[in-house]
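Only one structure is covered here, and it is reproduced in the block below.
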Amino acid sequence: MTEPSTALVPVPTPLLEVRALLMRFGGLLAVDGVAFDVRANEVFSIIGPNGAGKTTVFNCIGGFYKPSGGQILLAGENITGLPSHRVARKGLVRTFQGVRLFKNLTVLENLLVAQHMQVKNGLLSGLLITRAYRRAEQAAIEHAKQWLDFMGLREYANREAGNLAYGHQRRLEIARCMITRPRLLMLDEPAAGLNPQEKRDLALMIDRIRREYNIAVLLIEHDMRLVMDISDRILVMEHGRPITVDRPEAVQSDERVIKAYLGEE
Amino acid sequence: MLAQLPRALIAAVFAFVILAPIFGLKLVRQGMHSALQPHWNIVLWGCAAVFVVQLLHPWLARLFARVRLPSVPALDEEHHLWAWAAVVLLAVVWPFFGGRSAVDIATLALIYVMLGLGLNIVVGFAGLLDLGFVGFYAVGAYTYGLLYYWAGWSFWECLPLAGAMAALFGFLLGFPVLRLRGDYLAIVTLGFGEIIRLLLTNLTDWTGGPDGISGIPSPTLFGLEMTRRASSPEGQTFHEFFDMPFNPDHMVIYLYLLALALALVTLLVSNRLLRMPIGRAWEALREDEIACRSLGLNPTRIKLSAFTLGAMFAGFGGAFFAARQGLVNPESFTFIESALILSVVVLGGMGSQVGVILAAVALTVLPEVVREFAEYRMLAFGFVMVLMMVWRPQGLLPMKRPQVDL
Amino acid sequence: MKHVRTTPVLSAIALACGMAVAAPSLAADTIRIAFGGPVTGPITQYGDMVKEGIYTAADVYNAAGGVNGKKIEVVEVDDACEPKQAPVAANRVIKDGIRFVVGHTCTGATVAAAPIYNNEGVVMVTPSATGPVLTDGKNYEFIFRTIGRDDQQGPAAVKFIVEKVQPKKVAVLHDKQSYGQGIAESVRDGLKAANLEPVIFEGINAGESDYSAVITKLKAAGVDFVYFGGYHPELGLLLRQGAEQGLKARFMSDEGAGNPDINAIAGDAVEGMLLTMPADFSTKPENAKVVEAFQAKGRNAGGAFQLSAYAATMAILESIKATGSEDPAKVAQYMHANSFATPIGEISWTPQGDLKSFDFVVYTWHKDGSKTIAEK
Amino acid sequence: MTDFFPLFIQQLFNGLSLGAIYALIAIGYTMVYGIIGMINFAHGEIYMVGAYVGLVALTAIGTQSGLPIWLIIAAMLALSVTVTGVYGYTVERIAYRPLRSSPRLVALISAIGMSIFLQNWVGLGQGTRDMAVPSLISGAYTLQMGESFEITIAWSRLMIIGVVLVLMIALTLFIQHSRMGRASRACSQDLQMAELLGINTDRVISFTFVLGAVLAAVGGVLIAITVGKLNPFIGFIAGIKAFTAAVLGGIGSIPGAMLGGVLLGVAETLAAGYISSEYKDIVAFGLLVLILLFRPTGLLGKPEVEKV
């Protein structure tokens, strides 16, 4: 296991800032006063027992829920309450707890749909199959091939996404996010349901993505080994409220975290 | 066998309760008062049939399960093109030999092919149930009618405009509506269809109200009118131009070929749409809207293109319908027309172009051929729609989706 | 390297359309007259009225040895009173080589079928379509009608209202359908000319069940006379709900409402209602023989369109007999040039095919279903 | 011209009696939608069947039979409720139960097919012409307000409002307190969960359809007696308007259906009274479109949060 680079990274302007996030469902206060930031090219994890509000924070950031209070800034730009497709276009994409692939489309087609914004989707050019249209289609397929090779899914390109092995489906979902050339990748429990070997590959893949495509990663994960292994910093949450934001080592030894969550390790 | 007996008995009683008041006791007018005319044989036959069917239910179910619908022969690429070429050639040559009224029925069938393919884009490709499709059909027809009535424009000048107006209506009506959930969307579009028809009826001084607009000229061939006498002194008729005796069949065949051309254009466009990025986006959206939104696709804008395209083809169909019939009035644009076009798409198989074409032809030609059963036509439509949804929701000829391969 | 793999199918657009419907054309030893109108659909009763007239005329002529030695044969062609089905029905008539049509029945379908017949040289005589839009500005040669036009029925009503009834406040309603609205508009214009401008002119939704709102509006306006253009179901409800709300106003309507069903719907409220109808020729002594022919087959001679359909068939057959040929052009020319003695009186046509004169008579309708010539 | 107030009262009363009928049918839509989230498009036709069976019963008894009026109406209601209840059960059993797990679109198309089928089924059996219903209750209670305008409250329309009020109260009590009422409320919260807890959901769903059909049948008989004209197509427009009422009140909530029905009846009648009856239907459809656009959950409906 290569030692993650822990050299002191100069404090760059934060890519994502979450200030006093509040989310209420009717009477239930799901998220209360969560605040943290994610710097460019950083791997930032959110951990906490079930029902701590982790996924709700994700959904607020991603624009699926309109937060009841607080602010979310992406590279300084306020994206609070922006609809999810506009947030995605600003380079902030996510995966889901249950893998949400287009099951009846082939693996290749899943990657083509993700490039809908880049491909020439004008009606006329498509109908007349202009040269520009063909070039854009071909470029999209080339780009997809790169990611299929990156994820080792090349041989399954023409197979329907629904028929892939679970591990491969996870990787396709991440590839589908990366193909949109994001700035921040949000992973919602990517390691769930993977065997130890697949978890190690996942850790390597996340690290490699971060370095080669210099994106930041925001992670929700229950697997402590993986979190401690690849995270630069960790936010711990309980009952919708933040307990601490710190480096993995500090979080492991923090009294409150142990009491609230880790219990006896 | 005996296990089924109680079930069969109950079913027979239910059948009696259902049949007796409606079929058993017929209300008839005798002078001032109405009386009941008993027709018990229908009721008894009905109950007996239900009893027998329920009794043999297990065998019938097994027998029925073994019925395999003839699967469609798969042809690869070149055969595919050859097949279409052969069909189109046949369709072009045929009217010169077919009887006049058969060609006329075929023209009506081709209108429904076009409308079916148009609605198929909305329902089949994008999964949006549009119950107000007849509203755009009416907009297309009235655009031609009104432009002729107020500005004297000919069919060829109005055709593109009819499509554009219908597409505009599709855009304006679609925009606020497309974020609604499936069944709400269906009911709102139904409301729009009815509102359009009611407005056409009430705005009498513009749209001619219930009389509508009549005397709409049929299309000309590069300015040559296909009528017995030219409508205006400087106009020229087709048969004078080619100095041959006036033969009314020319008009019928000309209309057929026009309808065929419009239907083919619709087919080619919708065929292309499936293979374009927009087609993939529709399919992805139908499968998982949330995943699409997380990848930056704007669902409303993507659905809107399907809605607007469908409306455009309805507009073209409407203009042609007005030209063929020479008359547009609100009577021909009721909800039942929407349900008819929907049953064409449903019967053929949502998303399957070939299925929709065959269903459109079947649903127009069959009632004409089997004239004596005309009164059972609508009853059969209703029954077929229920049967299809219960038995084969994917339709008679489900099309295998075109796949992009590496 | 992108090729698209689809599993197409050999579609059979042409084959399916190719199922040519080649009905055998009948031997030419009979004179065939087509009935165009609703055999199916929601308003078949109007189609039945026209058919009764045609079949009776055919029976009478066949009993007298047919015309020019040929028997008369009636062929029914269904259009379900839908404009969409009328062209298909018309083309079927032409394909079967039939050159004379009595029909079509509803205005919308008739307007859609007329140009096809005229273009094709088929004589069409409608006994029931009263919309002016059928013949205005069309200069057809082959299209006739043996019924008054909406704008002929309106003036008859106006004359009676202004001279005999002399109401203080009049309201004119219609059912927003081409027949009813046409007549209502001609009545409104007639009344306006006689400076008795209607206080209310409004359309109601046909097929609706609740008209209490418009009844209240009539009561509030203090209306004492209401003219309704449309068919009997709506008028029956207006009468019934009017009585229910104590609306003291006399009602008048067109012959479309002259249907015994109205008594069942409105009950006693129908007493004293006025109707403009073609003169009830069945009571005329010289029509006794014709009325017998109707009753022989259990048909009702006094209905709205029976006698006008009889007259239409008669005019065609008399013209064939007079010209000695079945050439539609000759027959049409003869019909334009002459007048015919028929059960609905002496009829002759204007160049565009409308009856030169068609007198409507005002009747009073009674709650026992009978009708008497109205005095006041 | 009469003064404004009595005219308004009369129009209000007209609207109330019309709205009461819409409410009766709307409850059928709301209950079915609440439990299986499906628009029972054929519900308007069930109402029409109820009206026809009522007329058949009335013709069988005959108006001159000397029986007291209320007994005749009771007999009509009894027969119509039974037959229409069977219709409701059978429609659900054939057209909807097999589609319970299929997409919403499929079930809706099946409902449209069933609606067209039922229209032509009755059309074939009883003919498509207008059938007249002799008026059983005549006479009205008159109230002199203002100098020339006399408000008339027809007994038949008063009967409608009375019967509908009684039914509404009975239904609300039934839903609150009976065992089946509790089961159907559980199902409308979460069908799967109810099944897990041992509720026979198929029986509850069938019961909901039958109850909806029964209420629609009462509406059908009442409209037949008051209005007096039937044809196989009256169900279509009445169905759409009742659905509008259900959505206006908040689909899924029974008090919502009652409120929505009355509001729609009054709105339509006032539009016809003060603008022109030509725009009566346009007001109804316009209202439907506006509600669905701006407040799909209706006045009393519970907002549906889309779970991601």
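Letters are used for the chains, namely A, B, C and D, taken in the order the chains are written, and counting of residues starts over at 1 for each.
Following the convention adopted for this analysis, a contact is a pair of C-beta atoms (placed from the backbone, for glycine too) under 8 Å apart; a residue touches a chain by one contact, two chains touch by 3 or more.
For clarity, every value in this text was computed on a predicted model and none was experimentally measured.
Here B-C and A-B are compared, and the pair linked by more C-beta contacts is B-C.
If each chain is reduced to the average of its C-alpha atoms, the one that sits nearest the average of all protein C-alpha atoms is B. With centres defined by CA atoms alone, the chain at the far end from chain B is A. Work out the mean CA point of chain A and of chain C, and you get 73 Å between them. Distance from the chain A centre to the chain D centre is 50 Å, each centre being the mean of its Cα atoms. Averaged C-alpha coordinates give centres for chain B and chain C that are 31 Å from one another. Averaged Cα coordinates give chain A a centre that lies 45 Å from the centre of chain B.
Of all residues in chain B, those that touch two or more other chains are 33-34, 202, 290, 375, 403-406. Among the residues of chain D, those in touch with two or more other chains are 123, 132, 134, 278, 281, 308. Looking at chain C, one finds that residues 2, 176, 203, 261, 264 touch two or more other chains. For chain B in complex with chain C, the touching residues are 29, 31-34, 72-77, 79-80, 83-84, 86-87, 90-91, 93-94, 98-106, 108-110, 113, 201-202, 204, 209-212, 214-215, 227-228, 248, 251-252, 263, 275, 324-327, 329, 331-332, 354, 357-358, 361-362, 365, 368-369, 371, 374-375, 377, 397, 399-400, 402-406. Chain D contributes residues 1-2, 7, 10-11, 14-15, 17-18, 123, 128-130, 132-135, 138, 140, 142, 148-150, 152, 154, 156-157, 223, 227-229, 231, 233-234, 237-238, 268-270, 272-273, 276-278, 280-281 to its touches with chain C in the complex. Put simply, chain C touches chain B in their complex at residues 1-22, 39-40, 78, 80, 82-84, 87-88, 91-92, 94-95, 107-108, 111-112, 115, 119-120, 131, 133, 137-138, 176-178, 181-182, 203, 260-261, 263-264, 368-369.
The part of chain B that touches chain D in the complex is made up of residues 14, 17-18, 20-23, 25-27, 33-36, 123, 127, 129, 131, 176-177, 180-184, 186-188, 190-192, 194-195, 198-199, 202, 290, 335-336, 339, 342-343, 346, 375-376, 378-379, 381-390, 393. Residue ranges of chain B in contact with chain A, taken from their complex: 269, 272-273, 276-278, 280-281, 283-284, 287-288, 290-299, 305, 309, 401, 403-406.
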